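Take a look at the structures listed below.
Next, two complexes with chain A in common: one pairs it with chain B, the other with chain C.
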Partner chain A sequence: MLWLFALIAGVLFGLYYGLAALGLNLIFGVMRMVNLAHGDVIMLGGFAAVLLFDHFGVNPLITVLLVIPPSLLVGYLTYYLLGRRVQRSRDPEMMSLVMFFGVSQVIEAVAVIAFGNNEASITSAVFGTRPFSIAGQGVPGAWLVSAGVGLVALVLLFLYLYRTSLGRATRAIMSSPDEARAVGVNPDRISALTFGIGVGLAAIAGILSLFMIGGTTPSEGVDLTVTAFAVIVLGGLGSPMGTFLGGIVFGLALMFTQTYAPVWSGFAPFAILLVIMLLRPTGLLGRTVRSV
Partner chain B sequence: MVASPALQVSGLTRSFGGLPALAGVDLELRPGEVVGLLGPNGSGKTTLINVVSGVYRPTSGRVELLGHDATGQAPERLVRLGLNRTFQTPRPFRPLTVLENVQVALRHGRDAAQSPEEILELCGLGGQGGLPAESLNSSQQKRLDLARALATAPEVLLVDELAAGMRHDELDGAAELLRQLAAAGRALLVVEHLMGFVRQVTDRVVVLNAGTTIFAGSLEEASQDPHVVEVFLGA
Partner chain C sequence: MLIPRTRTVGLAALSALLTVGLAACGAASTTASSGAPKDIVIGTLYSGSGSFANSSLPEFQGLKFWISQENAGGGVYVKAFNKKIPIKLVALNDQSSTTTATTEYEQLVTQDNINIFVPDFGSVLTLPAVTIAQEHHMLLFDQTATGSPLFTPGNQYIVLCDLPLSAIWPDPLAHFILAQHISRVAILYGANDFDATQAATVKSVLAQGGVTPVYYQAVPTATTSYGTLLHDIAATNPQAVLELGYASNDIPFLQAVQQGGYHFGMVATAFPGQEFTLIENAVGKAGLSYTYTYGVPPYIKFNNVSEGLGTNAFIAKFGHGNIANVSFENVAGYNTGLIIQAALGHATKFTQLGMRAALFALSGHFTTLDGAFKLNSEGGQVGELLPLAQLFPTATGNEIKIVYPSASADHAPVYPAP
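Let's turn to the complex of A and B:
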């Protein structure tokens, strides 16, 4: 029955990884920019939760709500100060790599100065949940809470994209930016909002990472960005719904190898990524985003 | 009294890498008028539409739209001022349904008096709103492109090769639709290669060659103009 544990834990982790990667894919889909500072925003979300809990006793689930307004503001400002210039360059994808690599380094350096190099965490008992057992393997209740938050975020994002006029405009820009402008869609407005949503989703994932991964350090941003990038490539660049599927595949690969062959657990998810790239270069639910 | 122009283009130039694609084009469109824009491939027809609709900034010259200076304005701004265009190769928002494509335009354009369903019906896509846009054939995609443009309630509409790729039995309907739009007071600039369609639709024509205007007048006069004949037939 170990497989049942791996399956359930894989899906729970998959929802977390899907959430962690979602903002990166939204920003890429709308702006064709790769935000290499995405993992650093996840890290900052984790530290925000730790600071609010340590100093004010704020429950991390409350922090999930609290980070949304400042994230939208930061996203707006980042887009108008940096993103718009990158987007108007001749090669926004390449320029965004350079620009946001720099932003990532700055965030990491400032975070080290502010928080030190030690790992920060919050006890999972904060949720008041008890661990339960599947096939003799302990599953923290906090995993369920984190996956639940990820699922709620997915549903809300789905409703935004498919049931609101702004969401339709967002999908229109993701599909054909020039034609979207030709029917009056303001790309700056949609891009700034999308950047804000992307930052918010990353910050929320950072809060949950305290319980899924176990803590946060200023230097983990790069690893988180790499993982998030692998997930969106798996699911399909520019496909928000594919991101969650990619997250589930990534989570299952991770948990099955951690259960049956732990030595390979750092390798298997990326091996699956390579296989899927060979068999389906657009990712699981992706469309061609560039032609050669 | 002659109505003041809905669109006035004066001395418009646009160069790419030093090569002029437009070299001082003048054009005037009045409300209710359909003007055909003719010329051989590479004469600057689509470039003119792209510059007027904000896709490219002009190198020099002026575009006046409904009395406003619209030179070099962004496409989304021009939509709000009352100008829209269709594309030679339309690209619908593929993941959206046909209806959603029109809804996006309705939401972000000027206030249209019609519902999205009515606009689709007008463009021959009635009852197909629920289909994914990516399932449409090329003729239907052109109709959807026109429907999206109409959903923004333009007073000036630039139509780039709407008839190309349409079946023979669809052409009369498309021509009738364009005439209806003009009868409702809109000014239309129609780029087209099918002379029968141009004859059905336009009030007068402007002929471009190598980025300059070589003729302006009726289609009948154009067909007898030695310069136009030489450009089209090489004789």
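Let's turn to the complex of A and C:
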């Protein structure tokens, strides 16, 4: 049953794509900034996993935990170094495009110097070579691990947003920065923390990308950013749940096209994006982010 | 010697412009009709970053190695002047961008006074140079762009140096499949000229043996997830699975074969022979064991050569005696230099078509560490054939052995894979 495998693969890849795009959407939702260096952070997460595995034999799942503290710190500091200035400009969305395009180029250049131009990866045997059976279909263990990590990240993010005071403050800023400020929320602190979480989620996605898309290279950042951006537009700008829904739609489109018309598989997900934009410009679960 | 990209202004610039203008009627601007040029200027591009960098940079290293070897001996011999002339290299970084490459090819040809025009790695980055070379009547020393559409009857200004036309790459592969009486073959290929030509060749040869592929599909060149495709392929119950793509396709494909626990009697991919270390590091020893690939130098050895260093001597000098330090692209870049050397060393006139005529006269009569140099009427390479290789596990990794055709084989194939 080819369709059943495509369905399962589409959902599992969708959860991975959702994770890969989640940080980008969170940062946009809170700060109205488009982090064009998002894909480069994913790339760096991949290289972190490769280096730790090659030199110290660290299991990639351990690396998922290890990258969180430095990512939070880097994101936190990056906000105060760059993000705050962008946010205080007249047009933060446009300025963020320019600023983070530059950051993306710098990261890529430094990565080439540090890691070389070659594709790097970890043998997929690290998660076993025996597929797991789901509804009678043999599914690679690495896919289940990636999707599982994506789901855990989503649950933790929701717990953070809806069960903590910092999360409530984050949602307050997403809703109305001025009103949040009026009730005593420190927008800089929340934005810096959000930026750190966004960077952390991207780094985690980078580790899993080794098993979902085969490897990592310094030049892949732009492509990953484009894919992540397509996913959040599909799901709705500013909506974390929408990001995962967008990811699943993207994943299903990719896998069904690979099954029934492989040569169109690079085109179909973006064609669906266009259709959804025509029918529902705010995305599947999006809310209006601009007012006229 | 590498010319820095800094430019002087004022009188020097005016003088350079006048020189270019006066020389515009000729193809090689530094060539004075009355005497030898001070230098032979080679203009080329390389990808310092981006998706082609991992192939382009080692190829560029090979070319620079040839230049350093020649300059150490006083320069390259130019028959038209009966003397050795030092080589200068003008090299620009296209960052794997065809747009940048197009602009920089124009710059090389129209502003940099080059005598020898060498494009970047592969079909994608070479394609813009083909038109520019033809328009400006510069002979293009095409290194590794093998797609058949690049070679047309009306274009005299291209010569393929380092690989055979992609249409004849998989000939031994297809004949091996027939020889093993494999009747169920799945072919998955990238939707680009390079891969589509190979796929068409395999299909055609198999058809001659009465075999119709059970799966024959193209995927976008940028494809990096193969799990679902492999599941669909496995559903057709193939004995042999051929994935014809670039290295960036081969890695995720081989990963997916491992991940999914698939076992086929034969798995063949294109690039493990050319980028062995890179791919083995990425997919691991088990991921490559008993798979098949195209056999390329330095794993095919040519020590009895008529031009330049033989394989072992090249490994000793370039790779410091270790074959693991030498990739096919290194060999290709060095071999491009040898073809340039042959053209200059045999052309009686120092003109672009004079060099072309010299190479056509040499076609079929000389051998380098890349094999027998032989051109068809359109400048496409039909020598330097690629036998079929298989990767065998050792204590430390895999080693590449030639398994077909039997005349060049150094190991018996293991089919089906254990």
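One rule holds in what follows: the second predicted complex is superposed on the first by the 281 of 292 C-alpha atoms of A that agree within 3 Å, B and C clash if a C-alpha of one lies under 4 Å from a C-alpha of the other, contacts with A are read in each partner's own complex, and residues count from 1 in each chain.
As a convention for this text, contacts are C-beta pairs under 8 Å (C-beta built on N, C-alpha and C of every residue); 3 or more make two chains touch, one makes a residue touch a chain.
Owing to the predicted nature of the structure, the values given are computational and were not obtained by experimental measurement.
S.K.: Applying the touch criterion given at the start, work out whether A:214 contacts chain B, chain C, both or neither, answering first, second, both or neither.
M.R.: Once the two structures are laid over each other on A, A:214 reaches chain C alone.
S.K.: For A:168, is the partner it touches chain B (first), chain C (second), both, or none of the two (neither)?
M.R.: A:168: touches chain B, not chain C.
S.K.: With both structures superposed, pick whichever of chain B and chain C touches the larger number of chain A residues.
M.R.: C
S.K.: Kindly classify A:130 by the partners it touches after superposition: chain B alone (first), chain C alone (second), both, or neither?
M.R.: Second partner only.
S.K.: First (chain B), second (chain C), both or neither: which does A:180 touch?
M.R.: First partner only, chain B.
S.K.: On chain A, which stretch or stretches are contacted by chain B in one complex as well as by chain C in the other?
M.R.: Residues common to the chain A contacts of chain C and of chain B do not exist here, since the sets are disjoint.
S.K.: Could you list, by residue number, the parts of chain C that touch chain A in their complex?
M.R.: 47-51, 53-54, 57, 96, 188, 191, 217-220, 222-229, 231-232, 235, 247-248, 251-253, 255-256, 258-261, 278, 281-284, 286-287
S.K.: Would you tell me which residues of chain B are touching chain A in their complex?
M.R.: 53-55, 74-76, 79-80, 84-85, 87, 90-96, 100-101, 103-105, 107-110, 148-149, 151-152
S.K.: Which residues, counting only chain A, touch chain C once they are in their complex?
M.R.: That would be residues 2, 5-6, 9, 13, 108-109, 112, 116-121, 123-125, 127, 129-131, 137-138, 140-143, 211-215, 217-219, 223, 254-255, 258-259, 262-263, 265-267 of chain A.
S.K.: Can you tell me which positions in chain A touch chain B when the two form their complex?
M.R.: Contacts found on chain A: 165, 168-169, 171-172, 174-176, 178-187, 287.
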